[in-house]
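Next up, some structures in structure tokens.
The same chain A turns up in both complexes below, where it pairs with chain B and then with chain C.
Our next item is the complex of A and B:
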């Protein structure tokens, strides 16, 4: 009897962990987009959320036109990379060298503009991806949704892709050099303009994927990504700002902590618990879980 | 002191009045028109209803004026748009009160707007007639002076309707899920109170936060209690995510959901398979009444649609009629005299009437009881009415009304 009960309790918490991982994956993907921008351009880009929304709508159009989710993913990556590049060329490039605050405030403005434009073009009614509804896989009593496994795979692929670009390509090496020390990179003959273009396209592609996955999991409306911005910022900071792996792992961690806290604090307060965790980690380890000290490589 | 601007306004105002149809101009008593503000959600998320609401205020005022006006004076409507936005609503209400000198504001729709506008009405000593659901609008501080009158069901009454439907459908083990705001919790709390009063027990209750990427843990907790029905206080977006995740869980359960969440958009989003047998509950107009027939005809004429397309338009139609009858009964447009008369002309006892003209005639012989197009329009101590509710079942991707619930 007591053994059965213990198994029941263990299963309950295991299921909460699974649910938390799913929540965390979404947050982690969004945090990956946030942290990349920071790593690249050294400011907190508040337009990241709305750029994600743009990616979700691009994917929706792709799917409606062809019925294929692969095409949708391609549309999200392509269109968002292009948008990201356009925003860089028209806005952020002109502000290069200005203070971090100026860039942050500008990015808030860009976000507003994007959100308003999406609202005018697509309206405020919710839209959905047509994803076939499937019954879950039962694994030793645990309920796992096949779609969530695909989501995990996409997050992993996005992460690996970012790493490959950063660490296995010449342009990636130059990106890291510019991100590290722009003046030194200039002196060594790296043309920063070309590097920035590549960087913003990479950031855009990741943001597009994050937006599409968030949109597939929930419903697409002009406020989609904006509402995810705060948890994404939290995960990016917790993971160590600028660290791609840290962002994803911190997202997962926050998700799991949130769900595990619900038997004790209820669903209304689970969000605040994740911020308490954030606060505690930063008090003990101000650079976040995986952050490194500036300038050390 | 007369400066150039007030002079210009006066001249322009007189000009507008001269140009208006003759029924708008003063008849009988010779004093000026009674100014009333129509403050409706013409744009924003209330826009599917707002312009119909506004047109019915104008149409009802026209009918009042055709019957000789209230207390011998015509009603003049000034219309403004709330944009379904509290800031815009407050600006428009200020303009109506300060510049247009209106004696009452009719037809605010969303709870956020009504809660923002009602303090202005309290300060000005004029009534606010609204169509909002939030329970906070019944009591102080919002309704400290008893000037707020609600023509829609409160969220609590929605909850009572849910309980009636649970009884009728034979559910034994209901659970609740509520969006964490006044409206969502108002629905499920109203349900819990009514259900427990019937001797029932709610097996599980969950209040959830908005904007979550997933509600799996919330659902898991509710489904673990093995409910036979889940009653919600929810909106469209969160309901869409909840139902999709529930369907994928594979555990059979029925749902009772408010009409603003379980609507054709939800069916379109999730398809007929997921939404089959969901019970959607919405307030319905007083469809069998003579007042409804008159409203329906006016709505057809103004909007080229049946009156059933807009429950809120029936409410604004009643707003003008009951206000005009109270003015008639008070014999003046002084709101401190008119407001106490609202219950007198709307509630029993008295001769049942269904239009201003009928009521005006019957008032000569004693008390009247206006039965409206939207409901029988009996105000309780809080100024709230109790409309009927429709139980709609989603069958094969269509909402089908099976019966009416009276509470």
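Our next item is the complex of A and C:
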């Protein structure tokens, strides 16, 4: 009896971990976007959540128009990268050299403006992606949705793409150089304008993928991404600000912790888990798991 | 019309109290509090719950103020160690957590249904408009006291130190002053003021639900002080008046153009707030009443 019970309990938590991993990939992608902007452009971009919402709607339109999820993904990546670049050109570029507060407050403004525009254009009805029903895979009692596997694959591809850009291309090397030591990078002849353009497009693409995934896991509404902002910040800080790999790992951790916490604190408090994690990290280890002290300052 | 104007004036003064609290925290001390609405909510719920269980209004108002101020204390302790943007994120997280708590703890707050029929101020005065005037008068007195108090604080040695913290924290440390202690005090003061505003709000509207305490309220106040001019008491007042014009003006637009739905208007308001935050930060960071020497 006790053995059966133990297995039952173990399965229950294993299932939560599996669900948490998928959720965690979304958090990780969002945190990656946050941490890239923080590392290179040096501010906490509060518009990240609403940019994700934009990506979700772009994907939705892509799917409605063609019926293909691949096209939807392309639309999310392309449109959000373009949006991100536009926002940089129209707004953040003008604030270069200004205080962190100016950038932070402005990014809140950008987020509000985006959310308002989406609300006016698409209305406030919740919309759904049409996803084919598939039989779940059973694996030793564990239920795995093949759809989740596909999402995980998409996230993996996106991550590999980002890391390839960052670590295997000249522009990625320049980006990391600017993140590492801005002044040194500038005197060594790196043109910040180009780095910024590449950065914002890359960040937009990642945010678009994250938004589409979030939209597919839940329902698409103008408020979709805002809820993701706190977990994204928490994961970025937990991973160590400016550390791309840290952001992804911390996102996965946070996703799993959030799911594991639900039997104890209930569904509504799931969101505050990220707040608690955030507080703990900032109090105990402000540079995060993988950040260097320099990166924090 | 008269009743309407009184109602607007009351809500405007409640926002002025909120804006004064934020001006003290951000304008004078440089603390980026993105969770102002959390303290507003704590004040509103504390006072409402106490009054519902029979505590006299004066005491429940005081409790709302004190509890909101005390809630800022642990946040302040954390603020000692954080740089600006982390502090902003933490306070935003705090206000969202407050909202989750009042949504979830039904035994205390009645959850999403909210608390109806909160005792009014001056309920003994039976003539409705007279009671509103009395509320307005009390609020006006409280606001004037708050404005004068702020003026004195700013000119006192305490005020010079918090402004110095804003401008150069390291220099303050070098003088042997502990910036952290002052930050905590400023947070408690500003949040207490937000709590008091919350108490007025709860007992004036007489019905509170968690949805009234979304982060947007925080950014209404931010918009008000940014438009008015950060670090100016007059800025807080002017900005709040413009905020009211915006909020109430959109209601009139709906009267004239009824084909615009409520949710659409909410989106428009959100968009206008966003646009103003962007434009003012880029083109007029000192605000309308601002100090032209600073940027």
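The rule is short, and it goes like this: the second predicted complex is superposed on the first by the 274 of 297 C-alpha atoms of A that agree within 3 Å, B and C clash if a C-alpha of one lies under 4 Å from a C-alpha of the other, contacts with A are read in each partner's own complex, and residues count from 1 in each chain.
Operating definition for what follows: a contact is a pair of C-beta atoms (placed from the backbone, for glycine too) under 8 Å apart; a residue touches a chain by one contact, two chains touch by 3 or more.
Given the structure is predicted, the values throughout are model-derived calculations rather than measurements.
When the two structures are aligned on the shared chain, A:268 is found in touch with chain B and with chain C.
By the touch criterion stated above, A:189 is placed in contact with neither chain B nor chain C. Judged by the touch definition given at the top, the superposed model places A:217 against chain B, while chain C stays out of reach.
Annotation for chain A, partner touching more residues between chain B and chain C: C.
Residue contacts after overlaying the shared chain place A:97 against neither chain B nor chain C.
In the superposition on chain A, A:170 makes contact with neither chain B nor chain C. Contacts of A:282 after superposition: chain C is touched, whereas chain B is not reached. Once the two complexes are laid over each other on the shared chain, residue contacts for A:132 go to neither chain B nor chain C.
The contact surfaces that chain B and chain C form on chain A in the two complexes overlap at residues 124, 266, 268, 271. Looking at the complex, you find that chain C touches chain A at residues 26, 30, 32, 34, 78, 81-86, 88-90, 92-94, 96-97, 100, 103-104, 216, 219, 222, 226, 263-264, 266-278, 281-282, 285, 295. Taken in their complex, chain A has these residues touching chain B: 15-16, 19-20, 22-23, 26-27, 124-126, 128, 133-136, 143, 145, 147, 214, 217-219, 221, 227-228, 259, 262, 266-268, 270-271. Taken in their complex, chain A has these residues touching chain C: 43-44, 91, 94-95, 98, 100-102, 104-106, 108-117, 119-120, 123-124, 222, 230, 233-234, 237, 266, 268-269, 271-272, 274-275, 278-279, 282-283, 286, 296-297. The touching residues of chain B, counted against chain A in their complex, run 45, 180, 206-209, 211-214, 216-218, 220-221, 236-237, 240-241, 244, 247-250, 265, 269-270, 273-274.
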